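Chain IDs A, B, C, D, E and F follow the sequence of writing; residue 1 opens each chain.
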Amino acid sequence: MKPVCIRNIPRAPHDIVTAFAAYGVATVHEAMGRVGLMKPYMRPAWPGAQVSGSAVTVLAQPGDNWMLHVAVEQCRSGDVLVVACTADSTDGMFGDLLATSLQARGVRGLVIDAGCRDVRELQEMGFPVWSRAISAKGTVKATLGSVNIPVVCAGALVNPGDVIVADDDGVVVCPRAEAESALKAAQARHANEIKKRKRLAAGELGLDIYSMREALAKAGLVYLDHPEQS
Amino acid sequence: MKPVCIRNIPRAPHDIVTAFAAYGVATVHEAMGRVGLMKPYMRPAWPGAQVSGSAVTVLAQPGDNWMLHVAVEQCRSGDVLVVACTADSTDGMFGDLLATSLQARGVRGLVIDAGCRDVRELQEMGFPVWSRAISAKGTVKATLGSVNIPVVCAGALVNPGDVIVADDDGVVVCPRAEAESALKAAQARHANEIKKRKRLAAGELGLDIYSMREALAKAGLVYLDHPEQS
Amino acid sequence: MKPVCIRNIPRAPHDIVTAFAAYGVATVHEAMGRVGLMKPYMRPAWPGAQVSGSAVTVLAQPGDNWMLHVAVEQCRSGDVLVVACTADSTDGMFGDLLATSLQARGVRGLVIDAGCRDVRELQEMGFPVWSRAISAKGTVKATLGSVNIPVVCAGALVNPGDVIVADDDGVVVCPRAEAESALKAAQARHANEIKKRKRLAAGELGLDIYSMREALAKAGLVYLDHPEQS
Amino acid sequence: MKPVCIRNIPRAPHDIVTAFAAYGVATVHEAMGRVGLMKPYMRPAWPGAQVSGSAVTVLAQPGDNWMLHVAVEQCRSGDVLVVACTADSTDGMFGDLLATSLQARGVRGLVIDAGCRDVRELQEMGFPVWSRAISAKGTVKATLGSVNIPVVCAGALVNPGDVIVADDDGVVVCPRAEAESALKAAQARHANEIKKRKRLAAGELGLDIYSMREALAKAGLVYLDHPEQS
Amino acid sequence: MKPVCIRNIPRAPHDIVTAFAAYGVATVHEAMGRVGLMKPYMRPAWPGAQVSGSAVTVLAQPGDNWMLHVAVEQCRSGDVLVVACTADSTDGMFGDLLATSLQARGVRGLVIDAGCRDVRELQEMGFPVWSRAISAKGTVKATLGSVNIPVVCAGALVNPGDVIVADDDGVVVCPRAEAESALKAAQARHANEIKKRKRLAAGELGLDIYSMREALAKAGLVYLDHPEQS
Amino acid sequence: MKPVCIRNIPRAPHDIVTAFAAYGVATVHEAMGRVGLMKPYMRPAWPGAQVSGSAVTVLAQPGDNWMLHVAVEQCRSGDVLVVACTADSTDGMFGDLLATSLQARGVRGLVIDAGCRDVRELQEMGFPVWSRAISAKGTVKATLGSVNIPVVCAGALVNPGDVIVADDDGVVVCPRAEAESALKAAQARHANEIKKRKRLAAGELGLDIYSMREALAKAGLVYLDHPEQS
């Protein structure tokens, strides 16, 4: 693998990328047909953030954050930086200085399949990070990786320019070419859920709303009264 | 195993079930003789809730939340829904719609040996969840399980109608038949701890309060001064 | 190994020990040459605390907190209690009563390679704990260990009297003999970071601030434009 | 929980218990309706053993093997000793001396939700062990537990006298009352698999043997040729 | 995601695919520039096998092996079946019946990011499996997935037709388009290692063979004699 | 931390170091008073080896095996190389070439808190390795560490020149200064176990050999007959 930094990647239209944030990870994941999720070990460094952005991708060596500095220059306003490693690592490859630099360029957050540090400062800055670990472990700048190549991050394939959506539930990836249709599907699903929520809040049962009773009976579910009840 | 849904399970008296919440998981666990705890991987989706309730149990297939809809109908005010899976799973089998439905029936919380999602909405609703993971992974509704049979959830045996107590420290199960005596023991322990806390806050040592010095000496503990001190 | 409790351990000067807290774990770890960190599974029981103190060490049997009571008596104002176990354990070996006792002696926090409980009470008391787990599991008082011997806690060697620094990023250990020089290095690093943060916030790139471009080119990094861009 | 040792537990008929071994864990688990499995972290200390026996159960404190000595006396020829702990542990609570003692009584193996040691000696003796870990960590004899009470071992409920089946695939538990019917179901399933294996070996497809094609089409599976093929 | 089964995928030339096996995972991984490895949790179900083949890929639901039956029909002699799941699972989705069917078609092995069972039978058949777990847990046939789409398996991207190499060290994926060049690089690396091994066996040091001494000195390595030696 | 390579470390007498192997890890660990064990995740790459040797220690960066080459030169006949990393790693930092080099110098084995590869070749060579993982992941040679400084390896403190004992049960460390006394204690324990094994094989119970019955009764153990027995 030759180390390379790809410049000027294509992105989905800015307003489409931005609109995803409102619908959240679960809705977007469902709207896409239940694909695209990163592993659930990816957790927010601080709670409450909900963002969407275009992926700038990094493939780094574990414990080496040299390529993150290279990637910063390739980021634009509206991006989310996505960092994968060539082997599992929990090292704190990202902290408040890199966050300051990304924030200065309008980057909306970081997704890193490794560790981050300076958690309190990140929260004070309002810069959200999703990572597999929190660790102060310092890193070296010794070995090249690549920027803006396809990467596997926390079990999900991310191509540069894909749409990343992240919130307290985790991180989901939407391929760039499907961004518009996925957004529409998410909007439709969201509207549908509002209606269902009202009915459920009023006491209707999912068994009835989703017409499950017949299928349950057909599958063989038997209802019995507890022997102690008489 | 034939799939079955047991209706009208017996529960402990409502005021006893409710009174447990005040004493918290650690006190109830100790009062019962140090048994009944679920594994410590069961964590609250959001901090600060402390509840008790009667268990309605579900045995579900991993990644399949069909039986949760069946279970909702069996829940009453004052219950806690307890979901076990036939194999380890972190899928997000529970979210804000099911929570809305449970809350409409007066259910006090969910304990699930799998994942949950819509964490922010759950916190806004004030519906507490204890789970092994947070994950937006969507689930299917394809294969039956059972409702209100005995289940092993996070390492603990739960019979329907048992009392569940959950707080930031985790989840504990009290068998229905022992509810009254366990509650009394928890109350006694709680009262005793208040007294001890005062003495400890005043500077008395546990070594003296618990009369440990003799036992330590008998067991062979030797006190030495550090060689650098003279 | 004979069980022993060492009294009157030497500590670093009180003002030096106290001054560490201001710089945080990541800075101290870097200032020491990237050593001394505990494993990243050590997490704060509640967020936001940042402390430093002199280590009083305990080697305990898993699930047995007898020696913690012995250790309390050896603690002074400005100390941090550090508990290692002879085998991995997540049991809740520490709760609000021991915290009350430690707080009464001016101890600044607990670092335990096992579980803690009473999380809500600990936060209300303002007593910080870093642990590998939160668990209500009760413990016995049956087998001796030692106090103030060298221990390996969460992968780091801790000698009694070493300086412990802990915050939301984790826990770092500074050998007592290096405390003064490490503090100076941390202060210098901190000052340097303030300057860099300003430049990065103003939009300067790390690539330029750290003069990385030449080294990257020499290492073989190639820049290419994305094929879809023209 | 009062510590207790229950004597003279009922067991399933000896020939039925013994006959299970021939069918292995996967077949018995399937024959029972896909229940009763212990978690897959339970692994044989050495490969190739396949046993069945009546469960003598132990609930032990982690790192404390006192109750194993109590349990030995309760074991008879044809038993399997099953050890659960009150909290997760990997300590080496069992080694060649206890194995010698069990083997002298005709016990067929050990299932322990903790660690074992003396692996090479165990293999030389031909005494099989299934455990969650291999560890030389020594244990104490300080705190009581119980013998022959219901326990949760590696996620499975085990009542004393239940039938245990263990092989390279893991461990399964069959309730005593269901032993005869489960054995018959396992025998039927085994006979059926022999027929299927022949057909599959001859090149028939599962798609046809199990008549899956229609169901797949109905569920919406679409077959397409790869675009590069023409 | 629409469920789909892609037929007639392109494969690399048969002799090239077959030749990879001789060089093993570590050599092929290095020859490709240190990419393409699956996570190290992928372990052989039995030791000693070393195979290479063309990937037929499956994306399955966790705990559901319906699509494996669909995939069997798409396999040819010289293939390796690669199974990814939409969420983490350890269920025993593969056993000796499916192995019999694959072996009848000339398939060389299975790589599955889930569990397998019937380990002893698999070894007796000589059918190698690499999996994340061994588990007898039975699976359902209820929900569609896809065959021969790109999948992420154990952290590695696998396109149908890619070359899979697997041995006791793990599993590596070589993109189909790079198969010929990667094979040549592996052969060259292998030849080079034979020479080095001879020199090392004769007592030459890597420090000298790789000319490391100057670089070490330049990087700042200092040699000191131990203070106890005089 | 300044990178350093310490030469000419003191070792325990050769015959004492060598004699440890005969007693195995469990016996040595017990003889030392139940200390010195590495974590149980350290497993042999192939089964059956049992060695002892003097520790040559390495502190390496994760994924960087440069310092292993430096360490080889410091090894003598009768040594065991012990490698710790500055952060958790599973990378395959050691393979058959380094093993060839170590074997040429008379080194008896490797203990590495990271991954190893070329497992089959290592077994064919008869060179034993204990590691936390098996992984073909290639490593870089970019950043210095140290040789023959005290390290924490898999949770155990290892000073250069300490005695390492390793077998199928794991790895134990004996401080150099205690080597002679620990060896004697191991020999005594071993002799004692031979006697006990005979008595246990003859059907005597541990309850009687260790005179446990009185202590059990005093601690409160109650014997009851099973209610179904009459």
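In this section, contacts are C-beta pairs under 8 Å (C-beta built on N, C-alpha and C of every residue); 3 or more make two chains touch, one makes a residue touch a chain.
Since the structure is predicted, the reported quantities are computational estimates derived from the model, not experimental observations.
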item	value
Required minimum of steps from chain C to chain E, each step between chains that touch	2
Contacts common to chain A and chain E (chain labels)	B, F
Copies chain E and chain F - rotation angle from C-alpha fit, nearest 5 degrees	120
Inter-centroid spacing, chain D versus chain C (mean Cα positions, whole Å)	42
Where chain B and chain D are represented by their mean Cα positions, the distance between them in whole Å	28
Multi-partner residues of chain C (each touching 2 or more other chains)	2, 34, 37, 86-88, 90, 135, 137, 143
Which pairs of chains touch, using the document's own definition	A-B, A-C, A-E, A-F, B-C, B-D, B-E, C-D, C-F, D-E, D-F, E-F
Partner chain C, residues of chain B touching it in the complex	24-26, 29-30, 34, 37, 40, 43, 47-48, 50, 167-170, 172, 193, 196-197, 200-203, 205-207, 210, 212, 216, 219-226, 228-229
Complex contacts: residues of chain C adjacent to chain D	61-63, 86-91, 135, 137, 140, 142-143
Complex contact set, residues of chain B against chain A	2-10, 66, 69-70, 72-73, 90, 92, 95-98, 100-101, 103-105, 115, 117-120, 133-138, 141, 143-144, 148, 160
In the complex, chain A residues that touch chain E	1-2, 32-35, 37, 39, 86-88, 150, 152, 155-157
